[in-house]
Amino acid sequence: ASNKKIKVGALRFTSHSASFIAKERGYFKQAGLDVEFEFFQAAQPMAIAIASGDIDYAVTAISGGLISLAEKGAVKVIGGALSEEEGIDGQKFLVSDKAYKAGVRSPKDLNGKRYAVTQSGSSFHYMGSKMAAAENINLSFVPLQKVGAIIGALKSGQVDAWSIVPHIAKPLSRGGSIHIIGNVADYLPNYQITTVFTSSNNAKNERALTKNFLTGFSKGVDDYASTMIDKNKGDAGVNEMVDLIHKYVYTSRPREKAAPSIINGTMRLSDGASLNLASIKNQLEWFKSEGLVKKSITIDTLVDQSYVKIIS
Amino acid sequence: MNIKIKNLNHSYDKSKVLSDINLEIMDGQILSIIGPSGCGKSTLLRLIGGLEKPCSGEITQIGSPPAGCLNAMTYIFQDFALLPWRTVEENVSLVLEDHSLSNEIKRSVIDDVLDRTKLKDFSYAFPKQLSGGMKQRVAIARALAVNPAVLLMDEPLSALDSQTRELLLEDFINLWHRKPFTAVYITHNLSEAVRLGHKILVLSRRPGKIIETISIEKPIADRKLIDKDLDQYQKHLWNIMHDEARAADAELLNV
Amino acid sequence: MYDIKNKSNNSNNLNVNKPVPFIGKGFQPKTRSWMGYFVFFIIIFVLELGTSTGVISSLTLPKPSDVLETIIQLFQSGLLFKHLVPSILRLVIGALIGISLGISIGTLIGLFSYFRSGLVPVIAAIFPIPKIALLPLFVIWFGIGEGSKYALIALGSFTPTVVATYGAVDNVDRTLIRMGQSFGLSWISIVYKIVLPGAMPGILSGLRISLAISIILLVAAEMLGAEYGIGAYILEAGSLYDLERLFAGVTILSLLGITVSVFVTKLEQKILKWR
Amino acid sequence: MYDIKNKSNNSNNLNVNKPVPFIGKGFQPKTRSWMGYFVFFIIIFVLELGTSTGVISSLTLPKPSDVLETIIQLFQSGLLFKHLVPSILRLVIGALIGISLGISIGTLIGLFSYFRSGLVPVIAAIFPIPKIALLPLFVIWFGIGEGSKYALIALGSFTPTVVATYGAVDNVDRTLIRMGQSFGLSWISIVYKIVLPGAMPGILSGLRISLAISIILLVAAEMLGAEYGIGAYILEAGSLYDLERLFAGVTILSLLGITVSVFVTKLEQKILKWR
Amino acid sequence: MNIKIKNLNHSYDKSKVLSDINLEIMDGQILSIIGPSGCGKSTLLRLIGGLEKPCSGEITQIGSPPAGCLNAMTYIFQDFALLPWRTVEENVSLVLEDHSLSNEIKRSVIDDVLDRTKLKDFSYAFPKQLSGGMKQRVAIARALAVNPAVLLMDEPLSALDSQTRELLLEDFINLWHRKPFTAVYITHNLSEAVRLGHKILVLSRRPGKIIETISIEKPIADRKLIDKDLDQYQKHLWNIMHDEARAADAELLNV
């Protein structure tokens, strides 16, 4: 192994666990990589940091910004990460207590309601929009930029609905001021939520390096899935994994308070970083139809299909 | 109306500024006060006008202000103290606005004082358009508008160049001649002091004590720019003052 | 006496005639207004050249001509006004609230010991707080409607106005106030006829800063649930990494800032014509 | 002559004696420093009472005692310094770059017609641009490391420093410069011995504003891939809607601001002891 | 060294300030210039010192500056023009620093001029600690330090109160007596003009023309504060100036 130094961008979310595991358990090292993490507060700067060459690989949701950067020839999606899978707790639709009291019990009751998103062109926007289309209802989308602002607005009943990953959704619903009314997976089965991506240069000219990264990353995914989802190693295995993840996520909270959030946050990471191309295509089409990205962009501008198993 | 000052003492913090001042300001007369820098002349004037409270001693008005007096003790400041955002006329009008006078009376007062100070043609000028001499004439007009019992003048001419000063001194003398007023006139200029004062008070270096009081009998209207009768007084005063002034000028200001 | 090496001619020769040399040059920079346009032209030209030839990558900066085109399209589609009108409304209302409150509180601080002692430290503590940090709270306090946008802009323009106002009141010439008192003017007359007009130049130059900060805060304000508005437009462009639109928005804000500054200058010329 | 209704006694009766009334009161606000502490105490006390009794919902404001506890915990765990040190480093380096560049450019603008004509409009155009709008670009231009944080803070402190500096240079007493010229001082001597020291008071009061802005921009700067830092701490607290930590962070920034302001005051006293 | 001015004219924008000035400043003599406000006295002085370029006409130095002269034409300004951030000593040192003098020479020059102006005890004081009279003495010390060929003085005493002015006038006369210097002395004060001037130049209202030139024979050292010989000159000058001064003072300044 050549011990090549690379930088990997990450958010301190459980959905990035595969990278943490791969690093902690030495899978990256086995693939000849000396990985250093670069942590971000939000996904969007991470995409730009790939484009600027500050980091080499990262995992994030497909967003308008990512597609724009791909269109400028700066980034490429090379694999999949988080995805919705039947039978596993996925992202939730939430409503405020006010809306709940007004009789909103399922997503179809949201006609004419205010739906929070961080930005137009964010994954929240996509989920809400797709759900609205499926239910044939109208939503007005309220951009609030920050997750904190959305939670505040939802708690005080100023927006009616939102969608979010389960480990944030569940604790929120416990207070009684926010209610869970549905699953995103019901509307977007096999939704490829996050993807692995890199700069176009890495994808094209550093094939070996990229393959090595994906190898290490996949091993992390496998460990995560077998321990946390399939529970192959029982509770002891889960505990050990929680310990590992806690080194990166919820570090400012004590282990016992962090553990439930980490466990709640468990979602399916695509096996072997395989990519659900159908879902990606669906997302890309939606972005185009909303006028958020240029119509001329093709799936090949966005995705390099040569690295991982493509599901379609 | 006379003003009587008895056993006046004043200090700022711990430093004594005025010490044991006794004097009477006589109705219809001009009292000149001279003294080296920082001896407390301005402080004395502020005390007389009630802008500050004396530490000890008393200042009493004896008798009542004359008929039609709107403001008994009226200042004329060295730096004119005109409101730069008001025209000449509005600056005069300022001191009438808080009295319930009819518009006609106000108008006639303003016209009268601008007339007496020869400012008629400059009613609508702003202070910045005026030369120093004219600015001080506006301040005089404003003071005359309230028909004061006593004019308190703190070096009214010392911001002006000496030619303008001479011109304004002539104007002053004419004004007083046409209608005598009571005044306290503070100055650094011995020749002004002897030109204008019925009495001249000499203060010592801080703390200001009265060193000498001189009376000049010659009628003010008869005194001239170059006047041998006055020269002897001026020489005498300069002899008293010379060393005090030198010492006062060489003092470091405490910062 | 001392001795200085004489570098000039030692003898007092009356036949040596020379004109007095001119030594008073410089230190009086003059504004040549064409230079400003010229510099802008140069900058834009260089950027255009750089981006067209690819020396400047399209990831780094957009082509100025594309930005211009975007602005023109924005104008032609009518979207420009759809974005501009709510932004200007927020700016005007927010700044009006912040500035009028700021002038009132600033005047009180300038006049009364109790206000001064009690409020100055509070203002000093509020000043360095970044308004964007409080965004989540603004949602709860003022909602996600126009209220929170007004509040954010008002808060941003409030503190500098207070500081400028009480500084200006402090700087009002004390002899003018003494003059008012010596003529027996009432307290209220002194405040309205002497203190406030005297503080006006300082207040107006504070206004310049407050309004610039208000414009800067437009973007932060429109983070909260604004569908239309220049700030919202910029934010969306940023999140889509659409540089043409991002720069179009920034250019519009910049023009807005210059407009406001010209407006304050006009106001100064009008109100302070006595200077 | 005119006639005024005489409201006082008409006769000049020398037996009426009365002391001169005191009319010179007011318009000299004094600072009582205990008042400041008192007001803070009252505010905090009211908030504590309100939040404890539930009159103020826990959604609206945190309990001051909880905020204090959070700060103490932060301190005890050593995390405070882990956050504070990088923030202060960014502040110092960023502000140092911005301010020193600002003073240089400002001086050039103050001295030379060409710089003045060419750069003043550019500065005026840059001023109203919200720095957070440019965040995505800063990543491309300066990377996600410390570079972009320094650049953001530097840009934020640059413009106000330039404006303050050239204003200060303009305000240097021209007779002092003429004096220097009349004594045949070299250009460089005049700049270093007359213009710059004369502009120092204005530059220092500009520094006050530039540093306040730098602190405000810390939060924006730490939006860009900062792990530790007060700004990052506040952002994380905000995104988790954790009011105790949000207010703890804001309090720390506020204290930082007050510290910086005290520092500038000390600097002024030292450099401007001749005033 | 003499200074000769021939056919000098000067205008600002379209307004003429000086018209057809011809004069010669003689070595070792003091030339007083008087004239109403705004007549162009300061402008004339700036032209002589080279701080401005004349529109037409010429100003020539005839002969060379004296031995050891570091700065031929040296100003003393009305508002002192001291650097407030430098002590008395450093203010004097300022004008020597650009010349390659050894430290000892610099030291001795500074000591000498501070001595001559009686400022020895105030070397380390800052300007704000000094009274007006002392500030102007520092400015004089600074001017003497460069051993000037011609002193150009623009109302050097008019910012001072008249007692201090009198004291400084004595100092001036003593300085000149100990070591005569060439000087142009602009003033608004007729009595100063006649006290100090070998020649007195009277300028008219703007545009400034020379109305009259008067020579006074009596040696400067013999002239007194109250001096009948001078009174006649002063009276004569005031008669020439009175109406010009009144008209100049009543002019609205263009804004």
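The chains carry the letters A, B, C, D and E, assigned in the order they are written, with residues numbered from 1 in each.
What we mean here is this: contacts are C-beta pairs under 8 Å (C-beta built on N, C-alpha and C of every residue); 3 or more make two chains touch, one makes a residue touch a chain.
Everything quoted here is computed from the prediction, not taken from an experiment.
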How short can a path of touching chains from chain A to chain B be, counted in steps? 2
Any chance you could name the chains that touch chain D and chain E both? B, C
Of all chain pairs, which one counts the most C-beta contacts? C-D
Between chain E and chain C, distance of the C-alpha-averaged centres to the nearest whole Å: 45
So what's the Cα centroid distance for chain A and chain D, whole Å? 41
With centres defined as the mean C-alpha position, give me the chain A-chain E separation in Å. 83
Could you check chain D for residues that touch two or more other chains and list them? 23-24, 59, 135-136, 140, 178, 181-182, 184, 235, 238-239, 241
Expected list for chain B, residues touching two or more other chains, is 49, 51, 70, 73, 126, 128
By the touch definition above, chain A meets two or more other chains at residues 44, 48, 51-52, 65, 146, 148-149, 151-152, 155-156
Chain-chain contacts as defined at top: A-C, A-D, B-C, B-D, B-E, C-D, C-E, D-E
Residues of chain A touching chain C in their complex? 44, 47-48, 51-52, 63-65, 68-69, 72, 74, 118-122, 142-146, 148-149, 151-153, 155-156, 158-159, 292-293
Chain D partner contacts - residues on chain B that touch it in the complex: 1-3, 27, 46, 48-53, 58-70, 73, 101, 105, 108-109, 112, 147
Any idea which chain E residues touch chain D in the complex? 49, 51, 70-71, 73-75, 77, 79, 81, 83-86, 94-95, 97-98, 126-128, 142, 146, 152
If we count contacts the way the header does, which residues on chain C are in touch with chain B in the complex? 173, 175-176, 178-186, 189, 193-194, 197-198, 200, 272, 274-275
List the residues on chain C that touch chain A in their complex, please. 58-59, 135-137, 139-140, 143-145, 223-227, 232, 235-236, 239-242
